Every structure is written in C-alpha cells, then in structure tokens.
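Shown below is the structure under consideration.
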C-alpha cells in the first residue's frame, strides 16, 4: 500500500534540496529501493504560520521553513502533538543591508531609519536583530532597534529599498534577495547573522508531527536517504542543481547568479542543525517561547540525532 | 330577521395602528354583515378608516378588539378568495406587462394554465379598454390606466368576494361609467359579492345594494341602509345620505358663522 | 383679439415617451394659451396626456415638437414658480412630517425662515383639515389625507402658476367641496394662475374659468371654451362638454349595438 | 356604545328586505375604551429583540464551546472559555484595548474618507452621464483589486504607516458605499425627484435634501458593508503593509500571536472584532435605523 | 392639422371675452407626423455609452502611461505599455489564461454557493423575527472577520485546496449579498407585498415571485459587491492557503512574479483582474440590468 505524504516548501534557494527531491523523483527512487510505495504531494506556502496550521490540522506531514516557526511550534506542542524537527536543509547567513551611506554599524540607526523584515518581533530576522543589538549595543538593549523595524515581505521590502521612494532604507533579508540587493551600488552590509551567532547557523529546516514520524519509520528513512542524496548532489554538481532549480522555479536569475548563490562560501548544505540552541535559549529568555532546552537533540526526532549538531 | 348566515360578519371591530410613538385608532367597534351576492358599499369621509377596514377584511390586519369571520371562519391571513383592488397606484407588479399582471394573478391564485390565464387576461384587459397597452409595462401607463389594470385583474379573478378601494377615483366620467356598467354586468352574470369603497354618493347608490355610512375619524357606523334602483328614490336617498354624513359639519359651519 | 401677452403659451406641442422598445406619443400638436389669473382646466379621458402636458409645463419633459414658453421664456427646467400637485400618492417626502413637508417646500423654494415657514405651513395644514395630523409622517395617513397635504403645500407656496393634477380625486364629496371652496377663496385673494386637471365635468365648470377639452390618446385639442358661473348656463355647458368629449364613443357604442 | 334607534326601509332593491340600521349617537363619541387581547409571557419575551439576540449569542457561544471541546485541539481552535480567558487577560493587561484603539482610529479615518469619496463619486454620477460611466467603470475595475495591488502606489504616495493603511481602507470602503448609494439614488421614486426639482433644488441641495434621505436604506446597507470590509481589510492590510513595531493594531496583535502560536490570544483578537461589530451594529446602526427608516415607514 | 372651425361664446365669466376654439376634425386623426429636432454629431456620439466608457478607459490608460513614465521606476510602478507587453507575453505563452481560468472556476463555485447561502439566510430572515435577528447578528459578527480568521476552521473542515478557498469565498460573498437582499426585501412597497399575499403566495413562492423581482436593484448591487469582494478575497486567500504544485490561480501568479521581482508581470496579473471586472460588468451585469430594471422602469 502506498504511503501518502504531503510535503510543503516555500520560495527561495534555501529549499533547494527539497526541489531536487521533487524534480529528480528521489523519494520514489529510495522508496522503491526499500520496497515501499510513496505518493508525494508537494505544496507551496508563503509563510511558516500557514504551514503550521496545516500541520496541526493534519493536512500536512512535512513542513519546511525558517527556524522560528519550527521552534515556536516545538515549544508549544511538547505536551501534546510533539512537533519536532526532522532535519536541517541548509545553513545560510542573513544580511542586514542598507542603502544609506551614513549607516555603518547598528548604533547608527535612529528614528529616521526604517528596517524592513518579514515579521516584526517574531521572524528569524527580527530575533537575529535583537540578538545583534544585545551583542553590539550591550546587555539589556536587545529591543532598542525594534522601534525602527517594519514588517514587510522580502520582495516588497527589496522593491521599497531599491525603489528608493519610501522611507525604507534597510532590509534584513535572506538569500537570494540580499544577494540581489548587494548588486546595487548603494547597498552595503551592516550586520551578518554569522557574526552575531559566531558562525554558521541553520536557516531552513524540515519538521513534522510525532504521530506521523512514529507511524512511518520506513518512510522517514526513505526521506532522509533522499535528502542526503540531494545534498550530496548539490555539493557535487552545483551547476546542474542550479539549472534544475532555475527551471523548476522559473527564476529570472541567470545561471551564474544561481550557481554563485549555491556555492557561496558562507552557505553550507547539510542536514545537521547548526547553532539552533542560541536561538532557543534567546527566545526562551525574552519570553517568545515558554520552553527551553540545553540539548539540541530535544528539538529533533532521532532522524539526525547521530550528527554533531548544536 | 335574517335567517341566512352572512358571508362576512364584522363584529365590534376596532382597528388600530401602532407605531413606537403613536397609537392611532382607525375604526372603533364597527359591526356589519355582508351577505352572499351583496354589493356592499363603504362610504365615509377621507381618513375615516375605509381602507383600513378593507385591509382587515383582506386579512392584512388583525383587529385589536372584535372579530371578523368569513363563512363562519375567523379571518387570519390574506388569500385569493378575497381579491383586492387597492387605492394605491403602485399595486401592479412593475416587472410584468399589463397582460402578464392579470394573467399572473390567475396563475398564482387559481393555478390556471398559462395559456388559459393569458386568454382570460386579454379578455378583461379588453373590457377595461387597454388592449392596445396589453404588452406595456406599468410604468408606461397613466394613473387611470394603472387603476383599470387593477380592476381588470380583480374582475378576472372572479373571487368569492371582491374588495375594491376607490377603484374608479382616477377615472374620467365616461370611463368611470363604463367601468361601473362592466362591474354590474359581471355581477349580473356571476352574482359575486363585492365590498366597495367610494367617495361618490351617486356611485354608491348606483353600484351598491347596501350602503354602510361611517363617521369621521375614527370611523364608527352611522347607518347601514339599502340602496335603490328607482331614480326618484335614488335622489331622495342621495339627499338623505348627504345629510347624514355631513350633518355634523353643517352644524359646525353654522356655529362658525 | 387678445392684446395681452399670455403667461403660458403652448404652441403645437407634441410630447413623446421614448423607451428602448416603444415610442409613445402622449399628446399631438397641442396649442393653448394660459393668461394671468386664468383658472385653466385640462379635461379629457384617462390616458389622453393630461399629466404629461402638466409635466411638460412643469419643466420635466422637453417637447419633441413645438414650444412652450412661460412669460415669453422657453421652459427648460422645473422651478418653484410652477408649483405642482401630482396625481401620485407618493409625492410627500416620507422623512418629514405633514407640517415639515409643507414648511420644507417654503424654506427651499422661497428661502423663508424656519419659523415663518412653519407658521404658514400650519395655517394651510389647518385649511385642509389636518391639524391633528400635523406631526404625523406621511405613511400614517390615508390616501385622501396625503393628497390634502400636497394641496396644502401647493397652496402655501403661492406660486405664479399652480399645476394641479386631479388633486381632489381621492377626496369624499364634502372634503372635495371644501377644498374647491378653499381654492376659489385663495384665488379671490391672490388671483394666481392655476392649471388644473380633473375628470369631473362639474368640477371643471365650478373651478375653471377656461376649459381645454382633449381627445383620447394621443391627446389633441378638441375645444377650448369659457366656463360660466350661471347655474343654468352651467348645466347647458356640462351637457355640451359631455357630448363633445364622448361624441366619438357614443357613435361607437351605437355601431356596436 | 351606540345603539340602533330607528329603522326605516328606504330601498326596495334586491336585498331590500334587510332592515336598516341607524346609530344616532355616533357624533357624540363617548369614551372610547378598547379591550386588548393579552399576550402570553413567552410572547412578551419573544417580542423583545435584545432578548432574542442574546439568546442567539448564547447559543452560538455554546456551540463554539462544545465544538472546541470535542475537537480538543487548542492550537488550532481553542474553546470559547479559553478564548474568553485570553480575552480577559489581555484586556486586563491593556494590550488588547491598546491594539483595538490603534485600529479603530485608523479605521474611522479611512471610513470617513471613504464615505466622503463615495459621496463625491456618486454626486458626479448623478449629475452627468459621463459621471455615471466613470463611476461604473471605476467600480468594475478597481473594486475587485486586492489591497496588495495598491501597495506600490501607496508606498510612493504615502510612505509607510497609517496613511497607506488609510489609503487601502478607503479603497475597500468607497466602492461598496458608492455602488449602494448610486443604486439607491436611481431607485428613488420619480415623483419624489420631481418634487425636489420643483422646489428649485439642484446639485448638492438636491442630493442632500432629497436623494440621500430617500435612498437612506440603501445607503445604510452600503455603510454596513463598507464598515465590515474596512475591518477585514484593515486586519489583512496590517500584515501586507507592514507595521512599525510598537504601533500595531488588532491585525498586528492577531498576526503576532499567531506567529507565536498563542492561538487563544489570536481568537481573543478576533473576538474583539466580533464584539466591536456587535456593538456598532446594535448601538450605532440600529439607532440610526430606528430614528430614520423606521420612523419614516420606508421599510416594512 | 386641425383648424378652428366655429366660435360660439358660451360663458360670460371673468375671462369670458376670450374667443372659444373648436376643432371638429380631431377624431378623424389624420396622419401624425412628428418633426423631431436633430442632434449634433457630438451629442449623438456622446449619447453612446460604449463610446463614453471607452473614452474613460483610454484616458485612464493614458494617465497610467504618463505617470509611469514620469515616475520612471519600473520596480515599483511599471508603465502601461510595459504592463500591456507583459500581459501579451503571458497571454501568448498561456500562463496567464491558465491561472485566470483556475481562479475563475474556484470563484464561480464560491460565488454560487455564497448566493445560495445568502438566499437561505434572507429567506429565514423574512420568514420570522428570530430569522431576522439571526441574520443581523451573524452579519454584524462575521462580516468584519478577515479570511485568516476562518483558516483554522477551513483547514479542519475542508483541508487544503480549493474547498477551503471556496469556504473563504463564500464568507466574503454571503454577507454582502444577504445584507443587500434583506434591505431590498424590506424596502419593497407595502402594497406590492399585500398584492403578493393576496394571490395566496407564501414562503418560497412569495420570495421568488414578488420579493426578488421587486427588490432586484438592491440584489443586483449586492451581487456586484459580492463579485468584487470575491475577487479580492480569492487573490489574497491563495497566498494564505498555499497551493499544490502547478495549480495556482491568479493570486498565485501575482505572488510568484512578485517573488521573482517581475513587476510588469505582477501588474499584468492585476490588469487581468481589471479586465475581467470590466467584461463582467459590461456584458453580464449591464445586460441583466437592461433586461430587468430598465425595462421595468424601476430605476430613473
């Protein structure tokens, strides 16, 4: 009997491993090898919150998105549904970019400036910004920059930033938007999340409900195998991966641009979670979530527990 | 005195309009009986509650006090057994042509086939002299023409009891006479019962077999009398009705002078 | 013959209603002159275009052919110098009380102060016998009462020319006579001009100083005659008008028989 | 009461056999006492609209509670009691009232401007044919456009913040009100229009003194729809348009709590919208209706 | 033409001096020729609604083009010509028609169900007092709720995909139509209602044969508003609800292109919404109006 799975991803280069799995039929391939039959339905969401709702209502099995939605739902469900991470997809840096030449560092922001980011206070960018503020401006000043932030989707933020006709003069984005923005001569980087966290950190993750994972251990193995293969493929054939991705997403970026994104020295394609604990600890400390842990393995099913995460 | 059961029995009926601010008594303890085949006229000054009485008989208003029965059964809701011709000009369905307005009533109320209904409708539309306008919509008619359509509709329905509220008021002398004659002719044929409101005493005597005289607002019964067909008696009756209805005003006028 | 300039000159006026499907000619080349102080009556069968003519004089319709001038100036739009009393019952503003309906007209058209307008309004509301209902909204009135409010409004405005379309049709004999007398009394006082539509030949002779007889649809001028106050002449005139208006029908009837 | 005092047989017609009845004392009037039928207690209660509505609300809350309990999925659909608890908490700590107040301020501004714009458009439409065509064309073109379509223009013209929000609100309010008002104006009885013109009223005077009162039921419906859609749009727009932190309204309150998966709080935010809707309907719109439409007897 | 043929002086009243006029040949009728005033060419053209509307559209497009050029900011607001170009391209390669078709299918389903539900609610409201209260309460409560509020329930009841979208659409359509229909029903003249009851019509028959045609202008306004808001909601909801691969509608088309920063494409998607709006207004709603309201003479 076929196992029906519903998987979701969002827009962006961060979901490249999933795109490859879909486009290359890796799930079916590994399922066949394991003697299973898998029917996969791929869904697209525009944000983590809709995805979480779909997951909670049993309309979705594997969700993929940024780390905060996963951490939030993890913190909320440990007493009931037990939603946890399945695997990381990639570690990528987030850049705070501005077009204002006056702004060199965080302390240069003032009332007249506006920083666009996906969701004030709750998105990974907003949290990273707070952590950056704590680190660069000093203890207890983590919320100082919140007053300058504005929630806005990446495309709109980029248009506003580069369109230059609004008061938005900074954008805490994500790849590929930040890379495209950096091409503009007025743009420069103010903060790099890797600096804030002290090294690479996971950007996109896959998560699921305990019920599904525990009922389909074989499928989880198939999924992990497919994920491993696609990541290996990305590392081995970045050009080919770029081509497949461009085609699947009908991206307007050139092949070179996509390859550059994939092979960016800061980007790491790995299923191993990196530097999630600082996020969890920080979010728990400022009260964004009610749970805390000192072991990153608490955040994940045993799919990746063999790895050396953090 | 009258062994026969009345078709419509109105017993001590008080009709009131209630609005949040006001309580208006339109008629006060009005009683009368209408028998099968009567041409019963309601006559009274403007605002004395004639239309209100008709609406109550039509089943649109429940009396505050008293009782109205039709064939022994209490009147509780409107129905096609009591076909109404209203005083208002907007009683035609604007989305139907003249012919359809009449035919639709027949189809709805009598479950006639469309064909049959249209034939009958055309017949009555012709009777009121509107054949040329059979396919016009009501908004293209003059006031008097609209009222004639309503009359045609009422007559075409051949109801047990036809309630007509000043149907001929908007008609010129000749058309009015024609309509009166049509009504009487139809009555001769089918002997239906009609409850007719009018302002014209002459019309009351001509059309009616029995006449109810109402006092000014709120309407109470002043008299209920028989009509006549004899011209000399009619003249006398007319004078009498005139005096009865306007006695009060006459006195007042005298007092004023 | 008549050196005096007419107040209202209607010259060869054809009035038509155009709808996507139809073209209806309401009146055909009608001409007449109304002089200052005339009580001019339009008399004719139902649907002959009397209301249409009034609306054209009122400035609501432009003639397809011909010309209408008021004091030598072509009529192009409605205005308070030609106050209208319509045939329809829904001519009162439902959001104003009886008193306000009259007063509002005075305030809007004559820029009277509210106080003055209300005083005058009450005076005329009293004249039509509705003092008791001065603070009622129109939906609480009977058909005849509504028309009386409209009459009060028309008279209160004291316009150059008062256009009345069957104003008394919904009134009972007594109220009607009272209203007729009020109108004539007012006319005695101010000698305004009135263009009056009626169905009653007797009323035409009583109210009018000059009478226009129209043919059936489409309306054409059959005759324009003077009225009279002499009772004997009046009877003769009534008979004459009756014959003139209904000659055609009489013949037809004869042919039918 | 009056009594038959004389019987004279006048007529000799078909039904002439019947005795005639004459009441002499009618003019005198006498005291008019009316004996009314009493209503049962149930009917008296049932006649009270506030009670009926309360009953409906209680039933709805009950259904919510029961459904929430059977579903037993607090992260997706909390029970009524959990929502009410969250509501009380956030009312107590002031966050919810603050957010609601921010939204209401913006909303009322946008609503007022929208009404004004609708008035202008409808006035033009009534005044001339090209105005009618303009209104019809604009409405059919712009009314279906979602708020995101306006984002670029809003950013260029008004920048971030409330001005842009108001712009979007105006967009969601204007067309609905204009459509209803215009169709209301067109439906005003020909006679009433003639009466107004007869008074010499033209232009603005004609519209405010004749058309608006005469078309009031339609306009009020437009206002109700506009009000509701203003709320919807505001809440959605706070997400699309971005909110500077610290100044968020109800939309932001909902969105933020949703992001933190604090679902009872999300529902508390929605409950606030519902409550405001109920209050406005029953206090504002009902009162207007009672004072106008009902008193004028134009709805039956 | 008729001619005065006799002059007899009947009266001797105040104005009795004037000669009397008698036209004998009136009854014969004669040919009735009417000489009409000619209209100027400009006026003839101006009387053509299609031309006037076209003019408005051309002017609007012109304004767009000029504003777009002066702004010269293709990232925020492309010119009309750039948008038209993108529109043509995506029509040619079939992506836009496909997306539009997906949306239209969902939309029509939701719209139809919404109309049905509104009909039921309004029927209940007309039938009983508690029905009226129910409709009023539900409308004032739920109409202001944005689509996201329904998301959890939609997910539980219908799962992902079109069924949920339709649910949200119904929510955006029903209340507006029900409000308009109900107020239309209430505004139907008392006399017409009495006429209907007089025919023995009750319940559904009364509603379909009397109330609906009599309240048609109101209902049509409700339908127009519902139609517009269905579009708005659909486009916004496609983003909230996500899409299974390859099945996106116009909302998704817009979102996707925005993500790729292909702004002319985004505007081409919006232009499609506008065009559909124009077509529906001028072909569907106009035709209905011409066949009903205009023929019946109920709007002036």
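By letter and in written order, the chains are A, B, C, D and E; residue numbering begins at 1 in each of them.
What we mean here is this: contacts are C-beta pairs under 8 Å (C-beta built on N, C-alpha and C of every residue); 3 or more make two chains touch, one makes a residue touch a chain.
Computed from a predicted model, the values in this text were never measured in an experiment.
The two sequence copies subunit D and subunit E touch through a face in which the numbers common to both exceed half of the numbers used overall. By C-beta contact pairs, the most connected chain pair is D-E.
With angles rounded to a multiple of 5, the C-alpha fit of subunit B against subunit C returns 180 degrees of rotation.
Averaging Cα coordinates per chain places subunit B and subunit D 41 Å apart. Annotation: 82 Å between the Cα-based centres of subunit A and subunit B.
Remark: subunit D and subunit E have CA centroids separated by 20 Å (rounded to whole angstrom). Here the spacing of subunit A and subunit E, counted between their Cα centres, is 44 Å. Each of residues 19, 88, 90, 140 in subunit B touches at least two other chains.
Chain contacts: subunit D has residues 73, 76, 152, 155-156, 189, 258, 295, 297-298 touching two or more partner chains. Listed for subunit A are residues 53, 56-57, 153, 156, 159-160, 163, 165, each touching two or more other chains. The complete set of chain-chain contacts reads A-D, A-E, B-C, B-D, B-E, C-D, C-E, D-E.
Across the complex, subunit D meets subunit E through its residues 46, 49, 52-53, 56-57, 60, 71, 73, 76-77, 129-130, 133-134, 136-137, 139-149, 152-153, 155-156, 172, 175-176, 179-180, 183, 186-190, 193, 217-218, 220-221, 224-225, 227-233, 235-236, 251, 254, 258, 263, 270, 273-274, 276-278, 280-282, 285, 298-300. In the complex of the two chains, the subunit B residues touching subunit E come out as 55, 58-60, 77-80, 82-84, 86, 88, 90-91, 93-95, 104-105, 108-109, 137-140.
The part of subunit A that touches subunit D in the complex is made up of residues 48-49, 52-53, 56-57, 68-69, 72-73, 76-77, 80-81, 114, 116, 119-123, 146-153, 156, 159-160, 163, 165-168, 288-289. By the touch criterion stated above, subunit C contacts subunit B in their complex at residues 17, 19, 22, 24, 43-47, 49, 51-52, 87-90, 136, 140-145, 148, 166, 169-176, 199-201, 217, 242, 245-246, 249. Subunit D contributes residues 73-76, 151-152, 155-156, 159-160, 239-246, 248, 252, 255-256, 258-261 to its touches with subunit A in the complex.
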